[in-house]
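Written below as structure tokens is the structure these notes are about.
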């Protein structure tokens, strides 16, 4: 059974078949990057603009950054991100540079609040989002799993919201499905879980809850076998999406229990 | 990347490529059964001998039970089960009948302790297993997630152990990963999680822990769209297995935390 | 064994022996309020200024609000809160009114972001906190469990931070102990869990993690027997604090396991 | 508010006010034992008969075992246990010896299945329970959290059932509240959680679920400050019991959510 044509995720004026968004950092070398990205089935790859040699952003450039050329020529949609930016100004500058160099209005907005935990700075993120939306960017902001901040970002005009599952690189999976449930209940833009995924089931759980996509980097690049983990993540996102659409059985204390455990997170969701 | 040839699950003298074992009950009709089984990619299907018209066990028989003929002719390995048996004697009689009618020494041994919760009767299961192993059966017993009972069943000569994730039909997923972890630490035969799976991520989690297989029925047959859920389960089992083999990243409170959360269930398992 | 004299919680220039802070709303009548507060052993009671008849804030006033007079004359420390305020301006006005009428510089700052979920508005809370601290208030802000926002509030000069355990009135308990753990790791002011506690163990868990106090209202006032629940909460907070100070045993998969499950939340914390 | 006179736990023909049962092993010295037992408020203390010098069981004996004399003279009810027994025969012999030496028909039956994990041997426990009940003992069996085995022990005539929360000495707390919930739903004798408690909230949670009592040893004796932890456990058991009786608020995703999260474990239990 093929996934029907219409099950795509729409982000602003773009739409994608794969709901797995992946990063390009932390791989051993360019070959491993290429193989892992291919195995992941991702269409959108995110790129830390501040960590890439600027020259490398020019198509045809050599060196480490030449991965960009490969990505573009391979047909990936590039989602530049502002990782490493600690202020609104830094994030704005980086986003504008990315648009100029890469010719895309897509931007994954990150304004980091603390180099240790890498949690977002909510206030600065909202400020930067407001400016970038006005400047015509398609903004996907990384944010805490706070329903109010997500709603504000949506009202500002962001194309999606990207609440964290857990701290970047922690591998803890979705630490607060309740907050995510509330965000999903109210969001009118796609909710893409960003950061904190550690293994395949974490991605599946996000999709089963009704999230529209998942973005990850460390979980794949940091695995002992990144290419195999990329494949696992591809399968897990598809499995979770299918399970969501298939309408799972309700949870019960035991099969003959008179009433289902209604309202349990993920219980009767479909 | 194809799964390497050697990643098969060995159960006694049999071996299978698919680690997903599925039941055949509770489907709307024979066509849905066939389509769901096909979508699941399972090679082994389990059959409740007591619920099937005996005549139907003869190849070529018509009627509802004709599913058996279809299963055999389609190349599925049939795993007869003793569901509905509440005593050692019942289970033995049912197992022997199944062997005679179906021409297989495989048996999924269930001795139920209570019609309400469908938990196994540990004492009767151990008794029946002892007899069946002596009679040359390849025994896969359904059992509580008790490391001692699993060890006893292994010592008796069972070809696998099948601890429950949660009560049959509950859809609760793995309720006690700690017990399962202890069972996996000590088992020398395959550990196949049986019962309680509700959705795709439940199956992925079992595989990520290092379980060798997963058996389910209600989670697929009871879903709103069984065929789609069967596909989700196929993908989830493969995703979980790949994630296990790929060696996941350790869990940390945050990426720069000095030490990983070692020992957390599933944390650094590979 | 009496708790030693020095185990007090210091909030700005105040200090209290009881680490349980309670609300005064939602009780059936004044008598139940009085009895529940007494049973809770709380020294600090919080009061929703906007929900109280203003005249009642004058000592000696009659009517529903006369509870205020009782509280003051009974020696409770009054912690006025700005519940029901949806903007910085509202919160500032309410805090100033409370100071004038009640003669205290203590204020529990709440700027609500949404009447449905009652999550805080992070941006407005930060703004209001900045002003109130400058005006000399001892500010205890209600906030999301976001380490960055908590750090900012501390840097602004708040006397404590009050991250939510779960949505107000939800009774879900601590939904994200990981975030709380990070907040505790970095905070230099008391961390008082505010909102979301449902039952006694929720309060005990907060204290065992090292939180300095717990604030609740609905969990007590909404129980079938509020006075008994108030007693349960008193005991639970003391139990949790004692368990924290006593230094719990490490978690292990089983007693003879070679290594403890270090780093598991709450595992070896003391 | 005093706990009403009638809230006692009845075990066979005995009844106790305190619902906390404590062990006597692993303390640094006799004084610490005495102080911790006193701080725990326990009326019943359990004693590992095989680990105690037999002579010491005679009132008046000196040496390490003299703790027994102290316990008896201090009015504690002694609950001899068969810890360290690995067969039905061993357990029977130990129980009979305990009755003879200590003059009590109470016995905490333990038949251990494995020296590593200390999980019970279900089959041997059932056998031994059958004999001991016939011989007139008041039997409290340590058992897995398996509803069927608990029911069998009740049918045999045990005065209580003591399912494990987690492996002995693990400190993991209640690993499977679902199984415990099913056991509580069906049990007609007291359910006393035995083994696995690590900290105060673990004990509170057991009581909040409706368990009738909690037994522990390592959690207190192994804490950095055993006497303080004993006090914490006393408070936690009382807190949990009170919270259970007080009828907690339902769990909701947020306060204004239209329906409570019914059926969530511990959600609307009262």
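As written, the chains take the letters A, B, C and D, and residue 1 is the first residue of each chain.
The definition used in the following text is that a residue touches a chain if its C-beta (ideal position, glycine included) is under 8 Å from a C-beta of that chain, and two chains touch if they have at least 3 such contacts.
Chain labels with UniProt names: A, B, C, D = Thiazole synthase.
Predicted, not measured: the structure shown is a model, and the values here were computed from it.
Superposition of chain C on chain D using C-alpha atoms only gives a rotation of 180 degrees, nearest 5. Each chain's centre was taken as the mean of its CA atoms, and the one lying most distant from chain B is C. Here B-D and A-B were compared by C-beta pairs in contact; the pair with more is A-B.
We define each chain's centre as the mean of its Cα atoms; on that basis chain A and chain B are separated by 34 Å.
Put simply, the C-alpha centre of chain B and that of chain C have 48 angstrom between them.
Note on chain placement: the centre of chain B and the centre of chain D lie 35 Å apart, centres being C-alpha means. Among all residues of chain B, those that touch two or more other chains are 117, 167, 170, 172, 178, 182, 253-254.
Every residue of chain B that touches chain A in the complex is listed here, in rising order: 1, 39, 115-118, 167-172, 198-201, 204-205, 208, 218-219, 222-229, 231-236, 238-240, 242-243, 245-257, 266-267, 270.
Of all the residues in chain A, the ones that touch chain C in their complex are 113-114, 117, 119-123, 126, 144, 146-149, 151-152, 166-167, 170, 172, 175-176, 178-179, 182. Residues of chain C that touch chain B in their complex: 178, 181-182, 185, 253-254, 259-264.
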